[in-house]
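Naming follows writing order (A, B, C and D), and every chain is counted from residue 1.
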Amino acid sequence: MPFRKIINDPVYGFITIDDELINQVIAHPYFQRLRRIGQMAMANLVYPGAVHSRLHHALGAYHLMGIALNELKNKGTNITAAEEQAAKMAILLHDIGHGPFSHALEHELVESMHHEDLSLMIIHELNKQFNGQLNLALDIFTDQYHKKFLYQLISGQLDVDRMDYLTRDSFFTGVNEGVIGYDRILKMLIVNNGDLMVEEKSIYSIEKFLVARRLMYWQVYLHKTVLCAEQMLKRIIKRAKFVKASTQLPLHNFITKPIQTVTLEEFCTLDDYDVMAAIKGWCNHEDKILSFLCNGLINRQLLKVRYFGNPVDDNLVQEKLAEAGIKLNLNMDEASWLVFTGEVSSSTYNPDDEHIHILFKDGHVKDISEVDNALINQNLMGKVKKYYICYLR
Amino acid sequence: MPFRKIINDPVYGFITIDDELINQVIAHPYFQRLRRIGQMAMANLVYPGAVHSRLHHALGAYHLMGIALNELKNKGTNITAAEEQAAKMAILLHDIGHGPFSHALEHELVESMHHEDLSLMIIHELNKQFNGQLNLALDIFTDQYHKKFLYQLISGQLDVDRMDYLTRDSFFTGVNEGVIGYDRILKMLIVNNGDLMVEEKSIYSIEKFLVARRLMYWQVYLHKTVLCAEQMLKRIIKRAKFVKASTQLPLHNFITKPIQTVTLEEFCTLDDYDVMAAIKGWCNHEDKILSFLCNGLINRQLLKVRYFGNPVDDNLVQEKLAEAGIKLNLNMDEASWLVFTGEVSSSTYNPDDEHIHILFKDGHVKDISEVDNALINQNLMGKVKKYYICYLR
Amino acid sequence: MPFRKIINDPVYGFITIDDELINQVIAHPYFQRLRRIGQMAMANLVYPGAVHSRLHHALGAYHLMGIALNELKNKGTNITAAEEQAAKMAILLHDIGHGPFSHALEHELVESMHHEDLSLMIIHELNKQFNGQLNLALDIFTDQYHKKFLYQLISGQLDVDRMDYLTRDSFFTGVNEGVIGYDRILKMLIVNNGDLMVEEKSIYSIEKFLVARRLMYWQVYLHKTVLCAEQMLKRIIKRAKFVKASTQLPLHNFITKPIQTVTLEEFCTLDDYDVMAAIKGWCNHEDKILSFLCNGLINRQLLKVRYFGNPVDDNLVQEKLAEAGIKLNLNMDEASWLVFTGEVSSSTYNPDDEHIHILFKDGHVKDISEVDNALINQNLMGKVKKYYICYLR
Amino acid sequence: MPFRKIINDPVYGFITIDDELINQVIAHPYFQRLRRIGQMAMANLVYPGAVHSRLHHALGAYHLMGIALNELKNKGTNITAAEEQAAKMAILLHDIGHGPFSHALEHELVESMHHEDLSLMIIHELNKQFNGQLNLALDIFTDQYHKKFLYQLISGQLDVDRMDYLTRDSFFTGVNEGVIGYDRILKMLIVNNGDLMVEEKSIYSIEKFLVARRLMYWQVYLHKTVLCAEQMLKRIIKRAKFVKASTQLPLHNFITKPIQTVTLEEFCTLDDYDVMAAIKGWCNHEDKILSFLCNGLINRQLLKVRYFGNPVDDNLVQEKLAEAGIKLNLNMDEASWLVFTGEVSSSTYNPDDEHIHILFKDGHVKDISEVDNALINQNLMGKVKKYYICYLR
């Protein structure tokens, strides 16, 4: 009997693993590490169900890739067994470079590196360990393979990555409005002149998908409480580095040593548990800024946060800094660790760097923002920026 | 033990009837008739699950009314037991004036009357039979009651009628993209200065609700095949009147007599079964236009239909008329029963006649189209019109 | 591009039709007729959502067949493209012989014939019209094909027919307890020595499936109100025949002529609409038994019904007969049309005529009732019988 | 406006907090700690979605308590506002005594104490901090309050604790067969002579509930891989104590000191993060048993496990011990840490210590195992025991 394993998934029912190499990669400690990295960092402080792991997301995206490839094959696109395995492998590993708390700490622990770069380094390492069997997956992952649509399925406007994370995150948060018709969109995918696009009759589903993403950004990912908690988390790491707070190995090295001296091997053992355990330890740290932030995060006694449509009034900042100084007996420098501003942005559809192409029955192609009566028009195209201030309660 | 009945509903789980008068009205033959009237007319020809009844929708809207009133009471709005019963009664009966195939035949069987007028007449009749116990429900239904928000819950931008039909229709069609966060919107309802509005933090849910409605209109209610089947249905009734086709009583009177001579009592016995049975009978009618249309509808051999962004080119119409004439040996007059054009329209949000007001935390109120970075902006505000032609395959 | 059509289904998401012959059979008026036959007869009087059609069930079972065959192929069972098409065709048509109100009138309109016999006759007729392309489907449907598991998928303890109807009926009634893990069971199917069985690790799912079926029988299919309404429906037809009540053709022939003189063609035009329209007409019939029953059914003013664990006490029957006689001024013969008893039964698992075989990892096979700590043991194996009486309120 | 907070829950939609005291207790660090304790310990190694927290379960049970009390009040049971608050408080805190990895480590970290005892101690402590406002909750929690049904809702055959955990665990694992009709059961609850029971028409739902629980036990909670991982976890703690492995405070004290010297305060800071961080640290511990177990758990390279219907054959144990000794160069004593046997048991319904009473319409009461044609009969009443062995791959 051929190799075959099924995994229960509350989102899709069952995920089937029917390839031995993929099964071996899943079993590898580097991949298993993703089990201990939350997909949504601090979102669970607002949405208690949002505790699913990045491993779960990776499996989900892998599942959708299988469906997508099947649909394309059924529509006559030629995809070989090797390409199928490689595309599934590439999506399985697309996030393997994420460190503790994913995006929230992406640039704090390992400065100046995107998780995609780390993913690539780790896939290369795995490829070595698996004797080059991931070569084709690497070609696809780095967009060097001639069948461009395979890359577009991994990273593009309609990639299975965002289809899974929107579906999965709305499922686990319970924000039903974030639900997208991923199954319908997958059925509408089509390859035209080598490019991934969607059939005409999916226009409304695609518009809905963009609106759902917009909603998920503002209602969930950038929810002010979530934002605040993640800012506190960032500042904890920053402050720990600043005061050279000691903690367990291997996190210790990331906090106290120049990043160049840390190995990929060390990175691959890090996960949420190290960071949280460190934070729990620092609750009693002698540096009062650090311990204040750590206690706040652990006990969900967060800073107060407000959003504005315009940059935060400097008078407000000064006022809050002064208040903090008095309340906790801090100088201005110290207070600025607890009272700070920033900005966030999100775009519903930005035709400068993204394109969703609609293939009409008569063969012509239009951008989703150019169809008749498009929902996605001028007003929605730029980025929406919001400005925030966090300060002491 | 107080009166209490529960009804299984796949959409909401359970619907509870805990008022004897409401139970009696539900048991009345006029209400039970709604069991035999499909909520979505011919939509099941495209979406086979869309066979739910108007009775089911009425019960669903009644259920949501209960939740809405509860939420408002929890927020401090004063609503008496009598008002609660009356508001629930009014929504329960809001569609009782629908005849066979609801909107699809609304102006064919009983010309020049909206179903709302018929609903009102029937509620008056029921009020007589129930000795005036529906007086307050009538006041609310006709917007004569001083607590305006009760009427707004029945008929307004955020009424429980459309919240139920969007939810229910997307459920039974399986068009998941039509799902709205009805539960979240209900939790966000609030009465401010006597008007129904929603809290600030529901903005994204409301935008999503409007986009979902837009999608349901174009993807489901005005799906070209559904539109075509419903046009055929209308033309069957028109043609039957034209050729004075006989059928069973009481439908017979509606087909053959001046509408003034037909009684409300007779109307209240009509349902989908009369019309479909008549159509089945007319499949063998000697008038070939009538039998052609009837056979087409019964056997799902529909006319061909195309949508255009602009009015249909008259040359195309002439061409199709000529083709039909030859295929079925018809003169132009006859052919025009089978080859015809029309237009449909739908608006996502039309601030001329509709308003969704957002209540901000600081007490000010804004229209949903005027909030920062509104999704619903200029481009979405007018009506979108489409033009269609139906013709012989 | 290969032929491909997708249909929205609220139960499974999408049903894909990717075979032209199957598409043509679906488009045939005989199959389209199933659109007008309710899957659950009168159950909607208790469960208002239960108005789905037999066409929908047929499509659903067809969908599950596709999944089942795919799973078996993935496990190494050899199934040719022709066999796949034929098995899907056979399940698509397995219920095509159902007449109006399915089981409820199965033996009233066409006496002494099971719907399976009629299905077979109709498939033969379709096979003629499609020039023998349904030969293999017929072989499978009649269990004459050497790959026995294909027949077992259509009619057996684990056939996709009952997997769909349990899933679909619990979905539309909203009786969540009837939900079975159809997807898990399908993943566990396996062919062993030519026989369909399930893998060891599905034992609990199978037990759950049997308990869910038991629940659906007693809570839904044999719900006392449903039973009563369906008995009234039967008696209406019986009485109509008895008094030779006239109605529209072709139902007329079934009511008034010897069954031998009625043609298959005539049967294939019958549906729920004919029967309901006739019943509506008979509401004013001069025979007071007939009109009483018809009004009761139409207005949901049903007889009263009670269940007993033992045969109904004859004294009770006599008492109720007498009461009815007085209330409606009937003689005993007439009263017995409105006051009557009967019995129903259902078995959870009956090893005399059904077998679910479990294939253990070491290759041995056991009946589900013989595994360690089986839920399905002696006590559950016989039939459970209940006795009922219906009588005037 | 009255106090009111809503929390998104993927299982129930929204959970409403409308009481300030309850909100304050939820905000307390002792309760927030439950956010960092997984509800299902190691089950996520098999069911990746099963990562929900005990805080989430507590909120869910609190939500169901609200529904249950509402239903009972609607049926005429007298429940005061104070009792309602107290019953909700008691269920909210019923699991607050759980330590890291809940049941899996229940008797390892704090020997000889059940989590219920610790819950009680912590509620007493909270009662102190909240100035006696939890007195009534304590009375109910300890079954000293005269309205016994309030206690039965917290701890009994039909308590909202197990209704939530079965519902929630089946939701997050994706094991749909574990779904129970919690909403139907809640609607069927009734108080009779002061005792909580269910109405007659819920019999099938209750039977289904018991079968679903049975399934969840064997398919999920006692899944052999889950069992094995949790046994490894236990042995890691045992071994760490044995070799006095050092780790971070405050876990350190639980590992290295006599349990009497540890404070409740210290216990209340422990969570899964401490244990997992410690295990990650011990991956490089010099004790090879400890490091072997730790690496196995972290990298999901588990021991092999087999279930038997009878006690494990001693020859098999000896053989596996010998194998382990050779593979890892261990003496028998050491090998017995990696090769071991045990037993687990679960009962579907055990009338010795549990009772579900059915209230019939005529007022008499029967045990669920004594109704006509009961599913729960002799065979299902005892405990089912299984025996397992874990050993090296």
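Rule of thumb we're sticking to: a contact is a pair of C-beta atoms (placed from the backbone, for glycine too) under 8 Å apart; a residue touches a chain by one contact, two chains touch by 3 or more.
This is a predicted model, so every value here is computed, not measured.
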Task: Touching subunit A and also subunit B, the following chains - done: C, D
Open item on the list: Of the chain pairs C-D and B-C, which one is connected by the greater count of C-beta contacts?
Closed with: B-C
- [ ] Compute the distance, rounded to whole Å, between the mean C-alpha positions of subunit B and subunit C.
- [x] 32
Task: Gap in Å, rounded to a whole number, between the CA centres of subunit C and subunit A - done: 48
Open item on the list: Taking the mean of the C-alpha atoms as each chain's centre, how many Å separate subunit C from subunit D?
Closed with: 42
Open item on the list: Can you pull out the residues of subunit A that are in contact with at least two other chains?
Closed with: 13-14, 175, 183-184
- [ ] Name the shape of the chain contact graph, picking from line, ring, star, complete and other.
- [x] complete
Open item on the list: For a test of understanding, state which residues of subunit A touch subunit D in their complex under the given definition.
Closed with: 7-11, 13-14, 27, 29, 32, 35-36, 44-49, 51-53, 55-56, 59, 171-175, 248-249, 269, 271-274, 276-277, 280-281, 298-301
TODO: Using the touch rule from the top, collect the residues of subunit D that touch subunit C in their complex.
DONE: 175-177, 179-181, 183-184, 204-205, 207-208, 211-212, 214-215, 218-219, 309, 348, 372-375, 377-380, 384
Open item on the list: Using the touch definition from the top, list the residues of subunit C that touch subunit A in their complex.
Closed with: 1-2, 4, 6, 13-14, 18, 74-76, 183-184, 187
